[in-house]
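As written, the chains take the letters A, B, C and D, and residue 1 is the first residue of each chain.
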């Protein structure tokens, strides 16, 4: 079990680094999907035994993040003919360097937040935080609106990973509500991306800067 | 020395003798100029003549124009009621009476100025403007000087002040205030070096130009008022002399009147030896008077 | 009762989406709003009893915020019906850029409005932090389409920013919620809980570092939604681009919901003996928000953005009051009520001005008092109310908070707050007066043009309510405020 | 004292009268607004009638309360945080209520005629705010609870604010209104701090429980001085005054300048009562500010050529004189010189009453002139005396009174302050110095004021009209004349009966000068207002009548001719040849150029036969130009620099989130 979860978390971190370095949107979507599926296993691995709730939840999130979201995003990609993230606000190499730095920080934070009980894995908190940060970074450092949606999903993955450790404190209903919200959020974002593409003939979020304070 | 029958003599004396003062001054000036000059009693002749003439006034004017001379004259009458002479108490003394006196002069000035502006003449407007300007500088000097006297004699009414002063007191103080009050006397009465009462160029006049349009009775009251003003301020100055030593109120009154006449002679002399200063210099002159009075006040802080 | 309050608008939303006839749908909107307010009133008069560990139920704080939301919604519903009636069907030109656009289908709009009410009710009702999170995120999702009612680039951009920034923020709040479970769990990892009452009861048993981290995440997350600087950046865009009725609801009701979330977290920290920690954070964010907002209020060129920044400032004031604690918390709750009333009214008046002048530019809006006598007068009254001038209620609440702030050792907070308020007054007064006074610009119909009752009625009602709260606080409200303040760790003055 | 402490019953009656007046004001204001939707006539009847009756009742109540020395407090619960309806009526309040109701009532009567030309607008809008203003002012004076006071205080501000911007189509009113609103708001901010600190000791905001935290009395007094001084118009916080007063309709200017700014003085005095003792330097501060306000106020007045602006600056001057009086009083209390204290406070407070009367009169007069000619520019007026004899006579009385000339009321109050100063001078060291300061300042102010009103009255009312509008002026109607007549009569009456007025004021003075026994003892206040003084004044008037009679006799039966003004031989005197206001004041304004910094546009005559020449001097407020405007501009610039925060990129917005989060988490977990 320990190894299983350890491997899974390593996988999580590596995929994050991949995301930081990948310019092809299609790849990025695949990676995120893979994360989602992997996370679906997490509750099971984290608690050894298989409660119905954990199963349902894992399956649900895996399905959502592994199938629905990629389908959504790929469809969007097809509609708007965007292949890749061209000249991101922060280049790939710097992104990776920063990423490694933040990974270290994540471990530091993890050390500051020791799980009160014997943790399924010491990697859990750092990996979660790092994934969360990766998502945020994608939102901050990439131009395409669709990449930002992706970033949001990755960020959700990170939070989900951290959430799994407390799965049985979270009532199933609430967890489902959370999943529903995330789904609708991503769905609406996707819709907006369509609209942006239609209105502006591009989906470069950094060019959406009509609303700002003119200096008097 | 409180209010006595003698107190009432001073106002009468002032009314009677004041027309003499311009005559005296002119006579002295004439003497210095080597002329005979007008008779001493010319002032009385003028009044007699003016009070018997028919009036003439500008169409522009209103009742303010006619009220001016009367108010001014009434103010001086009231001022006489609080003005002691020769250390003889005034008829109606009270604490702070000098304030009333100063402000009565102010009231008179205000109405004279108003009357001048009522004609709408630019000359008289000019004179009025200068009059109020000089008053701004003269007022503080006068009050500071009186404050010095009050502090010196520890009393708040002219009569006790001058009574106390007559009994003795600081010589330097008397000299400083004497000089200061003399300048005020010249300025308030529009004498040389501040103003030239018998010039014939309107642009240079102050007091004379303000009364250009007045005639007959009004002019009479103006001239008499001017003479009274000479007297009142003269009395203010004369009080600084140590007349208290003299015996009996009547003698002291006589001495006071004599002092006022002497001041008139002095004025005549000054007028004949000095020239009129430039209008821009006048404020400096008055500020100088203020400084003298302030020094006097400082002397009392010891 | 509780469920009815939540389900009524939710179902109505579904129905509204299906209704074809505009007239019917609008009638439904107003009717549901009225019914909801009636239920709310009933819930105020006889609070429904609920099990201690129930997830849903209205405690004092919940009832307070429910009341605000419900009252505002009715007023806005009436106004919105008027505005929708005035909206043109086909393509129309955007006020300032002149770009052509069409409106989103009105059915969707109405449905979203009702859904928005449902989610806000859920927020007020939730006593379980997980449910709270779901509800708050749901409000975001329900409002995004509302902001994008005018299908034009600027509002699209605003919607994108709103959705992205708020979703990210609230996601952080979710993480905070999880950490709270860890903080509350027993050593063996079981027994973690998210029921607020339960958490408060456990008090100091909660794990400090986890609780601290949780609070920071919740504060940043919900603070984003509440519009605390520097996470407020989405707010001016969304408020200025949304149709005025929606702006009114966002500013008056939505921000409060987020504030409620923060208050819940704060009360837990207080119970755990970390009141100082959370209090200082709240006060700090409060002052920062007030300062930054004040800076943007000076020489603000767009009057809807102006109102938005003013909301940021008042959210800062609320946060400051909550942070100061004690009677200031009472003041903050009272101020939440007052601010909602006034700000909603102002946004509705702004809507009238926008409709009349066809511009949001302050520079091109002159002589409102002559062009729209009623709206112009309300605009000035709103200025006085929003700047905390007695006898408006805002003064009472601000005075209560300032009085608490003048405690020894932290007078500087009171001074800083007063300074920010003064800057805000100077900035807003110049803009508002310039708009209200002066001659009507050429090309506009002269004064005396009739204004529809529906256009100014709701604003007048809300402002009057605020005025009334400045003259006399009804005992019912006073008790409620007191209870809520005590519940959240404060006290009544 | 003739009447001893009142039976509570009387007090209750008087109090009821007051409360009734307040209620009536509120009701009639709202009623007038509603009635105005249907009939202008009824709006005026309701509004003016309500104001008139209420002010009458209030005046009666206030005078009664002062004479009976009522001192009682009534409290009703008020569900406001820290709030309570605690109203009090003591000599101090009663005294301030007297001018308040008097002037407001007369202004209401005046307004009827003043607004008659404004057809087609709901007059209720005016009456709502006017009656509201009066009511709130009365409430301010009667309030005994901090929250209630502040509420009334700000209501007063709002009401007057709406009256200032009453002419909403005038774009300048926006500017005036802004300055006014901001200034008063800043003042109120200070007051909030003051009241909170005063109440911090006791848990309540009840004046009775107020107490200064140890060692903070001085600081609190400064706080109050700044807060109340903003409303009162003390230099340099007066900047709103010369903007707002001219912008407001004249009856409102009269009330604002005559009464409303006095609530600031009331606040300062009430604060003195609450604090009990303040450090000595506070007295000096008040003296200094008073002197500055007085001298600078009158200097700037001298340089104005908008009649109402000129009067506004004179309000600054007179507030300065009042401050001088109060400062002397504080000095007296501090130096243990009860008579000095009594004189100072008595003079200051009497000047409050007097200024209300003559400044009200002057504003109403100025309003009448503007009403008749359509202009307030002195340079375009002239010859009004012939056309508006009533207004002219009233204005003349007001001018003499404001210059402190006998026998009018201004002289009485300035006399007291002077006497206080001289008492101080007779005394020792520091007090004497204070005395000298006051004497010098007052003397300077007196001279300058005389110059200024010689100009204001002389140029506006005398000579020939300087414009067609001025030539076409007609006397105003009875409803506008009557108030001016009443006020003019009061100027003279108080001037001659000041002693009696002072007797009535004795309990007020006793509250401030402390230790009533010394004040009430012989040799106290009114003894220093000696009967002889009034004897001399009577002599003055008698002499005047006598002289007038004499003149008539002398001129009887003689030829009295009329002709043109003597013009140095120039055949056709024209109105444009007259001295202008600017020219009249020029010697003095030039002397004070360094302070006034006027903007001069002059076109000197050119050539041998100059075709034209012009001289125009404009004197905007220096405190505003040199202090506040640059300050506000700089602040706006600094704040504007923060705008890059909102530069439109959503990436940055998310970055703010992340940065804040990282910082706080770090701080939470490590610190």
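Operating definition for what follows: a residue touches a chain if its C-beta (ideal position, glycine included) is under 8 Å from a C-beta of that chain, and two chains touch if they have at least 3 such contacts.
Computed from a predicted structure; not experimentally measured.
> Which one chain sits nearest the middle, judging by mean Cα positions?
Chain nearest the overall C-alpha centroid, as shown: D.
> On a CA-centroid basis, which chain has its centre farthest from chain D's?
A
> Quick check: more C-beta contact pairs at A-C or at A-D?
A-C
> Distance between chain A and chain C based on Cα centroids, please, to the nearest Å.
Taking the average C-alpha coordinate of chain A and of chain C, the gap between them is 30 Å.
> State, to the nearest whole Å, the distance from the C-alpha centre of chain A to the C-alpha centre of chain B.
The mean C-alpha positions of chain A and chain B differ by 101 Å.
> Per the centroid of Cα atoms for each chain, what is the distance between chain A and chain D, given in Å?
Chain A and chain D have C-alpha centres separated by 69 Å.
> Per the centroid of Cα atoms for each chain, what is the distance between chain C and chain D, given in Å?
Distance between chain centres: 43 Å.
> Got the chain D residues that touch at least 2 other chains?
Residue numbers touching two or more other chains: 636, 640, 643, 645-646, 650, 654, 657, 665, 669.
> Which residues belonging to chain C are in contact with no fewer than two other chains?
Within chain C, residues 160-161, 164, 168, 209, 213, 236, 296, 299 contact more than one other chain.
> Tell me, which pairs of chains are in touch?
A-C, A-D, B-D, C-D
> If you look only at chain D, which of its residues touch chain C in the complex?
78-83, 147, 150-151, 153-155, 157-158, 162, 165, 168-171, 173-174, 177-178, 181-182, 185-186, 189, 192-193, 196-197, 199-200, 632, 635-636, 639-640, 642-643, 645-646, 650, 652-654, 656-657, 660-661, 664-665, 668-669
> Of all residues in chain C, which touch chain A in the complex?
For this pair, the touching residues of chain C are 55, 128, 130-131, 133-134, 137-138, 140-141, 144-145, 148, 151-154, 156-161, 163-164, 167-168, 171, 174-175, 178-179, 181-182, 184-185, 187-194, 207, 209-210, 213, 236-237, 240-241, 296, 299, 301.
> Contact residues on chain C for chain D in the complex?
Its residues touching chain D are 160-161, 164-165, 168-169, 172, 209, 212-213, 215-217, 219-220, 224, 230-231, 233-234, 236, 277, 281, 292, 294-296, 298-299, 327, 330-331, 334, 367, 369-370, 380, 384, 387, 389-391, 395-397, 399-400, 402-403, 406-407, 414-415, 418, 421-423, 425-426, 429-430, 433-434, 436-439, 470, 472-475, 478, 493.
> Hey, which residues of chain B end up touching chain D in the complex?
It comes out as residues 51-62, 64, 66, 70-71, 73-75, 77-78, 81-82, 92-97, 99-100, 103-104, 106-107, 109-110, 113-114, 117-126, 128-130, 132-133, 135-140, 142-144, 147, 150-151, 154, 156, 202, 212-213, 216-218, 221, 283, 297, 301.
> Any idea which chain D residues touch chain B in the complex?
382-383, 385-386, 389, 392, 396, 399-400, 403-406, 411, 415, 418-419, 422-423, 425-426, 432, 435-436, 439-440, 443-444, 446-448, 450-451, 453-454, 457-459, 462-464, 528, 530, 532-533, 535-537, 539-540, 543-544, 547-548, 551, 554-555, 558-568, 573, 575, 577-579, 583-588, 591
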